[in-house]
Amino acid sequence: MAGSPSRAAGRRLQLPLLCLFLQGATAVLFAVFVRYNHKTDAALWHPGNNSNADNEFYFHYPSFQDVHAMVFMGFGFLMVFLQRYGFSSVGFTLFLATFALQWSTLVQGFLHSFHGGHIHVGVESMINADFCAGAVLISFGAVLGKTGPAQLLLRALLEGVLFGVNEFVLLHLLGVRDARGSMTIHTFGAYFRLVLSWVLYRPQLEKSKNRQGSVYHSDLFAMIGTIFLWIFWPSFNAALTALGAGQHRTALNTYYSLAASTLGTFALSALVGEDGRLDMVHIQNAALAGGVVVGTSSEMMLTPFGALAAGFLAGTVSTLGYKFFTPVLESKFKVQDTCGVHNLHGMPGVLGALLGVLVAGLATHEAYGDGLESVFPLIAEGQHSATSQAMHQLFGLFVTLMFASVGGGIGGLLLKLPFLDCPPDSQCYEDQVHWQHEDKAQRSLRVEEADTQA
Amino acid sequence: MAGSPSRAAGRRLQLPLLCLFLQGATAVLFAVFVRYNHKTDAALWHPGNNSNADNEFYFHYPSFQDVHAMVFMGFGFLMVFLQRYGFSSVGFTLFLATFALQWSTLVQGFLHSFHGGHIHVGVESMINADFCAGAVLISFGAVLGKTGPAQLLLRALLEGVLFGVNEFVLLHLLGVRDARGSMTIHTFGAYFRLVLSWVLYRPQLEKSKNRQGSVYHSDLFAMIGTIFLWIFWPSFNAALTALGAGQHRTALNTYYSLAASTLGTFALSALVGEDGRLDMVHIQNAALAGGVVVGTSSEMMLTPFGALAAGFLAGTVSTLGYKFFTPVLESKFKVQDTCGVHNLHGMPGVLGALLGVLVAGLATHEAYGDGLESVFPLIAEGQHSATSQAMHQLFGLFVTLMFASVGGGIGGLLLKLPFLDCPPDSQCYEDQVHWQHEDKAQRSLRVEEADTQA
Amino acid sequence: MAGSPSRAAGRRLQLPLLCLFLQGATAVLFAVFVRYNHKTDAALWHPGNNSNADNEFYFHYPSFQDVHAMVFMGFGFLMVFLQRYGFSSVGFTLFLATFALQWSTLVQGFLHSFHGGHIHVGVESMINADFCAGAVLISFGAVLGKTGPAQLLLRALLEGVLFGVNEFVLLHLLGVRDARGSMTIHTFGAYFRLVLSWVLYRPQLEKSKNRQGSVYHSDLFAMIGTIFLWIFWPSFNAALTALGAGQHRTALNTYYSLAASTLGTFALSALVGEDGRLDMVHIQNAALAGGVVVGTSSEMMLTPFGALAAGFLAGTVSTLGYKFFTPVLESKFKVQDTCGVHNLHGMPGVLGALLGVLVAGLATHEAYGDGLESVFPLIAEGQHSATSQAMHQLFGLFVTLMFASVGGGIGGLLLKLPFLDCPPDSQCYEDQVHWQHEDKAQRSLRVEEADTQA
């Protein structure tokens, strides 16, 4: 175990040195490249004639705080369901996300806002960085309990770059619309990690099976995460859509979609449950699929009915995925998906991208009026017809899947490098490997378990 | 128990079929009737001349998120105090509230914003729907642990209609002012459920007595709910009052009232507690009475002193209610009120309505100036004198009590329909009936209990 | 124990009577002195020509809610880590903070906004009151588990006055800039309590040693607090800085500083940890040092790199403090600091004040442009040179340390008054002294412990 002699002094220093190196490198890059933008710099900002531009910070900032709360509290606690992996779940969430947001400030800055030799940052950068942190945390869910913190950090480094490049290709080169990220966040994050998980397949993982379940209170902690994600998803989807009707509509569509996916999840969970009883895993996860499925289309004229229908579909598909597909994924496809990322982000993400194809293909000047400019600028400018926009959306999905797969494969091979510190098969899902804490309850559980094995 | 043969296949399908039917019906009604309003529709919205009307969404949206967080996290976790009913408390909260918000969008839409054959939705609809979800969750508190999810759903269906009609009668027909809901939300929700609870009285409930208490950590989870309610109550009361000084004053009054009710609760809890010690139940609930008691009057010129005094009174009355009145309510009046809804919402709600009568009766043109138009439009227009406004407020309280009582009675009879799946007396307050989860700790508790009974 | 005859009837009544007296006195002072300000009073508010002044409430209010959430949820749950002191930690947080916010409304009102014989309150008063509550809760951390509620209340009374006077001297008499409070909040709160803790030193405290640790789930509850503090700290620092670029820059700097302090904490915690493992106490606390260290300078032109560097430094210093300095503090200096307040608020607060000295000393007209007026008004007006501003900042730190030390000393002597109810050495860190609750798990722990001692 943790104290065994197999853990050489070199491995002990791996995490501290990697952190110090990456933080140092990031700081140097910040010193050279990152500057306040003209709304943040004391010398560049001039309070104007009370135009909305002056107020933009106040329109964005509350959404930023909602996104921030959702990413850190939501993803942090959603993964606390494992009985002995709570410290790692919430601790590594904070750890990974804080690195990802610094790193993606640089990557996104170079791609999107690099001019005059500098990256200029403001509230939009903070929101974008939080989005990238969200994608990194989604991937974390699929390898939860099976990787060490140094591996996670390297993976976040790679994923941060690929996330930025994929987003840049989709939004800027292909003109794809993907307001808040069925493709760029959910599909990308999920398939990146599933491929990676496939590469890292561990046939002996059942040695840690006894720790893979939840206990009563760990499921309640996970529900804190679920509800945080649930309540702040409208802000997550709306945070960077067009000011005015665009944000308003996005929030409203997400709100209805989540409501329908929750009801759908309860219906299906009871339907497929043993003796008609509900399963907490479904409620913790599938209830949220409604937020994922409208990630592309919530800024479009989806209609309130469309939002309900999409959410309901996503909730049911996701629940069925947990029940029937996750076991197959492990036994047939050799993919060990701890959190069911494929059900919550993968399938609903793909569904959401396809829904975006459909709604974009139906876009007309009558339905959008002046708003066409902000939702589909390429159609408004006559560069795309509705049909060609739809085709571009579809192509964007394939590009995302490709980036995620190739990236996940490379990432998996990288993490197999033998010198990286990684929990052995029999010590997965176990806080003791990474944390000094041991309390009475844990100690007695461990003793009991040792007795059982003896 | 759950696995017993008494649960016929028909009952197993009750919840899924009811969910699917209600979600389907709601979706059809949405398709036919619900449309984006002119601030949400891409074709109807025109960014204006930077008037405040353009910014209205940004003034409302942060409050919406606060209300949303309060309703789902707050009520969800407040009820997790029961030792073996945590999954149901937080799960059914999500379940009930998501149905209630879809349903009340329809009901309130037909009553308030139906024109041109359509209901028009925007951020105000989302806030209003969350308020109705709040009332439904308040009622949930009184039958917590004693009803099945299908029963809860039917009850929410009925309560959603009555809530909407009662609100419409009060605000639109009687011209009553009830900013955020001492009457329409708290009094209505509490007495609806108390009457319902009286109809559903179960003399044999002590069979489940051993599960009715809390354990150490379940009380800490409940405190998450309490603090969420506590911190976001100013936004809850202010979310839909008049923009500007109205919202500002409402938030300020609620803030002071909550502070005083918390101090009052600590004082009284220690005073009546065994050996001068505090009781967690009081802190979890009575500390919040200050938010309820200013639900009607917080938008009025209550004065900061008035807010402190009202909050202090509510905190003390509510604490005394938990200590002395709840036992009597069960033994003499045959009302089993699991969460003490009568103490937190019932009495403080009625007090709040009476406070509204008083403050309305004292309204003068000097005290309100131009603001009279937004707080008491009927007085400003000369249709009501201050005294007649006060009389209307009082009459509104009686109407609310009547709606709640008759509705609760009908609801109770409805839920007694024999084919509805309902936990037996010996299986109340027990997650096992509704959820598949069983962990080691629960199993050992159950074994221990079986030993004790043997 | 609690039920022992040593607790005379007089002591039982101490808390209720003190609460009732203080609440009564506060209410009377509110009735005489506190009035709505011109943006809250219905008669004084006139919706203007759509100027930003009209919208100010909407620019401040979301930040107020963030601060409110951070203070109550954040500090409340951060201290729940003790295994048997969760009720007191979160309950007394609510209790102390609600008194502190009423009391500081009065104290700050008399010092800052007293004109025409009245204190005028609005959203800024609410934010300021929450800041004072924050300082009071920081101090609470250092005596957690060792003082009774009546003692806490008296201490908050004293600290509220000293906090207000210290802030007034710094900001208004010395012209010190301390946007959100490296000096006025963190340094003051920490050293006030450390001196107080030194005066109240208990040599026999090891009698309660067995309860001083955490258990697995109590640490997870504490992480709720940590993440709340983490996510809302940008709003905490920005809430009352200058509208526009000032708030924008403050939030951004805090965001980067926190990210770097978290990575630094993980690096150092693994470096100094036994066998390279992490320590939950470091993550819960030191990860937040980045918010403290930029409390003075985050509104200045710190640059994004400066924010990263400051945060990283604070995270490492704070982690080393937990590892090496806290044990020395107790053994050599006789200061028992339950929460490690010195590491999280004390050292980073002093560092933050010194950073403010440095950044102020480097201020130039070029770097700040028109913004100099709002960040350093005295430099802009020519009353101070950058160097003399820096000297004033440094002097402000000494004044704060003096106020905190003398105040803490007086407070400690006051709390030693023999008639105050205080838990005995063997009953510290124990909810049973203050709360009626006793569940099965606790009872069995107590029995087990009795056996061990026998």
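As written, the chains take the letters A, B and C, and residue 1 is the first residue of each chain.
Operating definition for what follows: a residue touches a chain if its C-beta (ideal position, glycine included) is under 8 Å from a C-beta of that chain, and two chains touch if they have at least 3 such contacts.
Fair warning: this is a prediction, and the values are worked out from it, not measured in the lab.
Novice: Tell me the shape of the graph of touching chains, choosing from line, ring, star, complete and other.
Specialist: Looks like everything touches everything, fully connected.
Novice: Same or different for chain A and chain B, when you check if over half of the residue numbers at their contact belong to both copies?
Specialist: different
Novice: Please compute the C-alpha centroid of chain A, do the same for chain B, then give the distance between them in whole Å.
Specialist: Inter-chain centre distance comes to 33 Å.
Novice: List, in ascending order, every residue of chain C touching at least 2 other chains.
Specialist: 50, 55, 58, 62, 217, 224
Novice: Within the complex, which stretch of chain C touches chain B?
Specialist: Touch residues, chain C against chain B: 2-3, 7, 11-13, 15-16, 19-20, 22-23, 26-27, 30-31, 34-36, 39-47, 50, 54-55, 57-58, 61-62, 64-65, 68-69, 72-73, 76-77, 80, 86-87, 90-91, 94-95, 98-99, 101-102, 121-123, 125-126, 149, 217, 221, 224, 433-437, 439-442.
Novice: Under the stated contact criterion, what part of chain A meets chain B in this complex?
Specialist: Residue positions touching the partner: 50-52, 55, 58-59, 62-63, 66, 83, 213-217, 219-220, 223-224, 226-228, 230-232, 234-235, 244-249, 251-252, 255-256, 258-260, 262-264, 266-268, 270-271, 273-280, 283, 287, 301, 303-305, 308-309, 312, 366-372, 374-375.
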